[in-house]
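Chain IDs A, B, C, D and E follow the sequence of writing; residue 1 opens each chain.
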Amino acid sequence: MMRMQPHSEFQGAPVPGSAAPIAIELSEASVTFGRGPRAVPALSTTSLRIADGEFVALVGPSGCGKSTILRLVSGLVLPTTGVVIVGGREVAARALRVGMAFQNPTMLPWMSIERNIMLPLKIVEPFRSQFRRLRKTEFRDKANALLEQVGLKGFGNRYPWQLSGGMLQRANLCRALIHEPRMLLLDEPFGALDQFTREELWSILQDLWIAHKPTVLLVTHDLREAAFLGSRICVMSARPGRILDDSRVDFARPRTVAMTFEPDFVALNQKLRAFIVDARTASAQGVA
Amino acid sequence: MPEFDYRQKARSAALIVLFFVAWELFCLISGMSDLVLPRPSQVFVTLVEKFPILWPHILQTLATTMIGFVLGVGLGVVLGAVIGVSKTAYDTAYPLLVGFSSIPKVAVVPIFVLWFGSGSVPAVLTALSICFFPIVVNIATGLATTEPELEDVLKALGASKFDILWNVGLPRTMPFFFASLKVAISYAFVGAVLSETVASNRGIGNVMMTASSNFNVPLVFAGLFVLAGLGVALYVIFSVIEGRVTGWATRKNDMVAT
Amino acid sequence: SAQETTIKFTLGWKTQGSDAAFFYAKDNGFFKEEGLNVVIDQGEGSGATVTRIMSGAYDAGFGDVNAIIQNASTKPQDAPVMVYMIWNQPPFAIVTKKTSGINTIKDFEGRTLGGAQGTPTTRLLPVFANKNKLEGEKIKISNMAPNLQEPMLIKGDIDAALVFNITSYFNLVLNRQDPDKDYKWFSFGDYGLDLYSNGMMVSRKLLASNPKAVAGLVRAVNKAVIAIAKDQNAGMKAALNYDNLINAEVEKRRLQFSFDKLIVSPEMKEIGVGDVKDDRMARAIGIIVEGYQLARAPAPSEIFSREFLPPRAERELVYTAN
Amino acid sequence: MPEFDYRQKARSAALIVLFFVAWELFCLISGMSDLVLPRPSQVFVTLVEKFPILWPHILQTLATTMIGFVLGVGLGVVLGAVIGVSKTAYDTAYPLLVGFSSIPKVAVVPIFVLWFGSGSVPAVLTALSICFFPIVVNIATGLATTEPELEDVLKALGASKFDILWNVGLPRTMPFFFASLKVAISYAFVGAVLSETVASNRGIGNVMMTASSNFNVPLVFAGLFVLAGLGVALYVIFSVIEGRVTGWATRKNDMVAT
Amino acid sequence: MMRMQPHSEFQGAPVPGSAAPIAIELSEASVTFGRGPRAVPALSTTSLRIADGEFVALVGPSGCGKSTILRLVSGLVLPTTGVVIVGGREVAARALRVGMAFQNPTMLPWMSIERNIMLPLKIVEPFRSQFRRLRKTEFRDKANALLEQVGLKGFGNRYPWQLSGGMLQRANLCRALIHEPRMLLLDEPFGALDQFTREELWSILQDLWIAHKPTVLLVTHDLREAAFLGSRICVMSARPGRILDDSRVDFARPRTVAMTFEPDFVALNQKLRAFIVDARTASAQGVA
């Protein structure tokens, strides 16, 4: 049901078992913040290819550069060396419909939750040109439908500081989804949620993916989450990170929470655990 | 939004009244000549008596100030946005603007008079040129200090620089924009009046100049009170708008559960 | 009407009773009769009138001839020209309290005089000292805005003030003093500084391009001056009509003071109002050149033009206080 | 901290030079009378020629301005802190301060002169009274809009109000404090010069007054240039301090990986 | 090894099995934010007693009022009704040495991590009076020692925005500990960390608790974490929350990560899971 695929085999070749075009490609990309003696290497030379419509989960120790990879893909950070190609163009996130859920759910404090969530519709075409006309009707309904799905019905007209940490995180997810992006970048979107809310949202996200097949890059610390949602799991080494392992997860879809207690699933989890134990000690210079 | 607290407002009003009472008593006790500092009561009497005569001058000054102020705010916001966004603009414009602001505007009024004749136009221009700088500074600083995390939300969506400015930079800067309006409106009055004292046949500045050359000090102070009153009236209007627009920024006042 | 020539006219200061002639001329249609539309603005000082005209912002104005001399020395082609001399006598004076112990001008030595910067009175003090053999360096000057001079004098911060008598006299009145009883006046005119002072001047541009308008302007003002010499109340009515903020009672006294002390003089009676004597003017120029250390002494003809004056008969002024 | 970028600075300097060249050309082409607006080259020549005479006056004005400015900043910070922290102070002091600011200071100078005599004291007081308001406004706004989350960090430790003010409110407000300094220093110069023109025997205001009564407009402008120059010099000093103190707030400029 | 204790039994009586004085007491405390029609009930009438030296874990669905309880105890929020007594005095947090790790690790952006962490020493006696003298030596070493313990050695002179989400959270924990508080309020202190870093920190926290026996109130979504660390676990109902269940956890100390895979432990987890399933649906008005 599951096939492990070492990183070395994958490099340079198209994503095996997938004929879809490449949506995201990091080739030999590295990121160093700052210059000179104060330089901080955040990401070692990393290559990664994600085909269109893939669901990739990214796991790794704290501070290894997972968020940095998402920022590279979304164009918020430029690679210090190497190239990042998104949608066929070099860091051309601007041209794509990307939905990003930041690790820290930054809502604009002067807007109600509803308006915060509608923000992508205000910016991204084709919604942008309809925004003035529809923001009071269709778009607002759309935002509230999403809020309801994540269990925040009726909180649309609250302000961000009136929500709890977990509620904010859910609103943050809504904002990443509202403009039906072809590419989803999710940075620990369920970190502050209790197990059950989390599992509910897994299913919602999975349904959405099955229905629309966006390319998803999900950062998480929860291995069950990675295995439940991902079609591929990439494990990163400790800071400055690089990709240590890249495995495909072939459980049938739709997956259910019950499946996560099945032996296969538990075995995958154990396997990943083992990898991460390595990853925590492995610096980029260590394990190849 | 915090609710309107009548006790609070009453206390503040009482303190303001107290200020005038203290002034009155100070004048009475120190035997201050009303040729130097008239008592507030004298000023009020003069104000009431002369009000019909003052009225057209008040309107004149109010009109020129408001036009200058509105133009100044517009200019200030645009310049502030440019300076806040572009490093070159920051390095170029700031020294020039600080230099320009350090110049007493009274030296500039004659130039305006030459170009535009005496009257309303120089007053508008002086008000404008004196009031835009605080706005520039606060808008520029607000934009430069906007948390990058907030901007990233829009950047990740591929928003243009203008989108970011409009949706993040400016709203985030609103509290300081309103702060600068408080400074700008008072200086706009100063500018308009200044110009009127130099070159105009109407306006409160002219009244005050005439009054002062007649040593009619209570009338001079009546003019000052009118100016202060106009300034405060506009401040109150802005405060109301401010309360609506920037309530989010002062949320701590109503966050404590009650 | 379309044929009217518009003349931008600046007063020497804020509205004062002594400006009544201009308002009277306007109110009674004297300017209109000459085909002129005269727009009167308040001024910043009788010296600033010259700058305002030189800069092109105004065509004509009421201002100080000595400021013309000053500017004509360096910029003869730009300086305005006096076409109607109104204040025949100099208003420059030093005022002191009777209790100050200053009885003769010699007593100014070692004292502090309050002066407004750049006013002829302040600027000419060295000439005044020279001419009267005082030790100029022993007289200290403290600079202050004109409207602070009388309060500082009253308060005792200065021993005397370098003033225009027509301004200072009424400033003292307004400060509830008795300028005649408690104050002593030393008029520059009495101490060898026999200068001319304020009159109506026009720009060289107007002079060259529209001499007819200048002549009309002079005719109208002349008529008005003569008229209000007879009836100051009519003059005050016009002044109040222009600016209802003035203190009519004081301004009327100021108007009368101007006739009394500055306009009516033996010379005026001899040559008529508006004219000057060239030899006196030449002397006055000499004083200014000395006092301001000017590089060049302009000729009287550069400063004053009698070309536009109405005939002597029409300039017979009889002053009757009422 | 962003590194010093010479290309950037050179570009800005070039633009500033361009400004003066444009002014020079404008005067030449429009045939502007130097009685109204002299050419910068004339002004510079005058400035250099008269510099030995100007020097003591510059020192005088600089000294009074700096004293007034320092006192004004102190007063502004204290008042701003009080207003930012107390609702009653906000409601009471703001209207009074806005009213006071709307009054042209030139009307207040004579009072100072009559109380304290002519010279440095009124200049210091005028500089003070004109420059403290922008500081009050920005400090108060900064404190009022400090994120409650930041304050909670200290509150949870049982910190006193003063601790919170000192450790959170004021540091958070620093960028806007420096912004207001830019406004305040220019206005402090305006205030000192204003007072010098009214009553003083020394200082740039006095020089400009004399020059203007001599119709020496280039010298008047030389005075203005000196003022502008002093303003800019102080601005530069504050900028350097600002860069060190508030680097955290403008972090976005150096966050992009390179 | 474990004893479940229904909430009703506990109410009003002193904490069973503990003779220690009461450190924290909420009696009939409720919190409503705002007034009038816009009022938001955040916490239903809640009673809770925590003895000195207890380690209480608080679990419950997102938005149920867990953070609000911490804010009540630390005095950041006043109860709308009822009383909160801390250290024998009504909301007298000011008098106590409280260490609080906020859910959202708010570091002051103008201070380096080191200085941020030393903040409590600057405020709280007896350190306060020594601060000027020791901040460059002893206190700084103290901060760096803590940083090293959480795996952030060498990051002391970085600024908050130069750290990743998980790194910030660890720094946040250091700030809560540095002044050796008698009372620790931890709001999901390990939410953004990978499993292994998390488990390491569990042990560190447990050691600290065993050594100094501070009163700890820990909010978490991770049931394993609650069971590993807590001496008592309180389960809250959905918004507006109240305490549904209050159970003691009697596993021997020091507990090890290995123990969390033992059947007893897994059983406790399952039990708690069941409670939380209830809790999510139970509003305060529902289950008593």
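In this section, a contact is a pair of C-beta atoms (placed from the backbone, for glycine too) under 8 Å apart; a residue touches a chain by one contact, two chains touch by 3 or more.
By chain, with names taken from UniProt: B, D = ABC transporter permease.
What you see is a predicted model; the values in this text were computed from it and never measured.
Peer 1: In this assembly, which chains make contact with chain C and also with chain D (ABC transporter permease)?
Peer 2: Expected: B.
Peer 1: Compare the CA centroid of chain E with every other chain's and tell me the farthest one.
Peer 2: Of all the other chains, the one whose centre lies farthest from chain E is C.
Peer 1: Which one of the chains is farthest from chain A, going by Cα centres?
Peer 2: Between chain A and the rest, the longest centre separation is with C.
Peer 1: In whole angstrom, what separates the CA-based centres of chain A and chain D (ABC transporter permease)?
Peer 2: Centre-to-centre distance between chain A and chain D (ABC transporter permease): 49 Å.
Peer 1: So, what's the distance in Å between the C-alpha centres of chain E and chain A?
Peer 2: Chain centroid spacing, chain A to chain E, equals 29 Å.
Peer 1: Express in whole angstrom the distance between the two chain centres, defined as the mean CA positions of chain B (ABC transporter permease) and chain D (ABC transporter permease).
Peer 2: 16
Peer 1: Scan chain B (ABC transporter permease) for residues touching two or more other chains and write them down.
Peer 2: 36, 110, 114, 147-148, 212, 246, 249, 251, 255
Peer 1: Among all residues of chain E, which ones touch two or more of the remaining chains?
Peer 2: Touching at least two other chains: 33, 104, 161.
Peer 1: Scan chain C for residues touching two or more other chains and write them down.
Peer 2: Residues 51, 55-56, 147, 151 of chain C touch two or more partner chains.
Peer 1: Taking the touch rule as given, give the residues of chain C at its contact with chain D (ABC transporter permease) in the complex, in rising order.
Peer 2: 47, 50-51, 54-56, 67, 70-71, 78, 117-119, 123, 141-145, 147-148, 151-152, 155, 157, 292
Peer 1: Which stretch or stretches of chain B (ABC transporter permease) touch chain C in the complex?
Peer 2: Result: residues 35-36, 53, 110, 113-114, 117-119, 198-201, 206-207, 209-216 of chain B (ABC transporter permease) touch chain C.
Peer 1: Which part of chain C faces chain B (ABC transporter permease) closely enough to touch in the complex?
Peer 2: By the definition above, chain C touches chain B (ABC transporter permease) via 8, 13-15, 40-42, 44, 51-52, 55-57, 147, 150-151, 171, 174-176, 243-247, 250.
Peer 1: Contact residues on chain A for chain B (ABC transporter permease) in the complex?
Peer 2: Where chain A meets chain B (ABC transporter permease), its residues are 74-76, 93-96, 98, 100, 102, 104, 106, 108-111, 119-120, 122-124, 159, 161, 175, 179, 185.
Peer 1: Using the touch definition from the top, list the residues of chain A that touch chain E in their complex.
Peer 2: Spelled out, the residues of chain A in touch with chain E are 33, 40, 59-63, 67, 103-104, 151, 158, 162-167, 170, 187-188, 191-198, 221, 223, 273, 276-277, 280.
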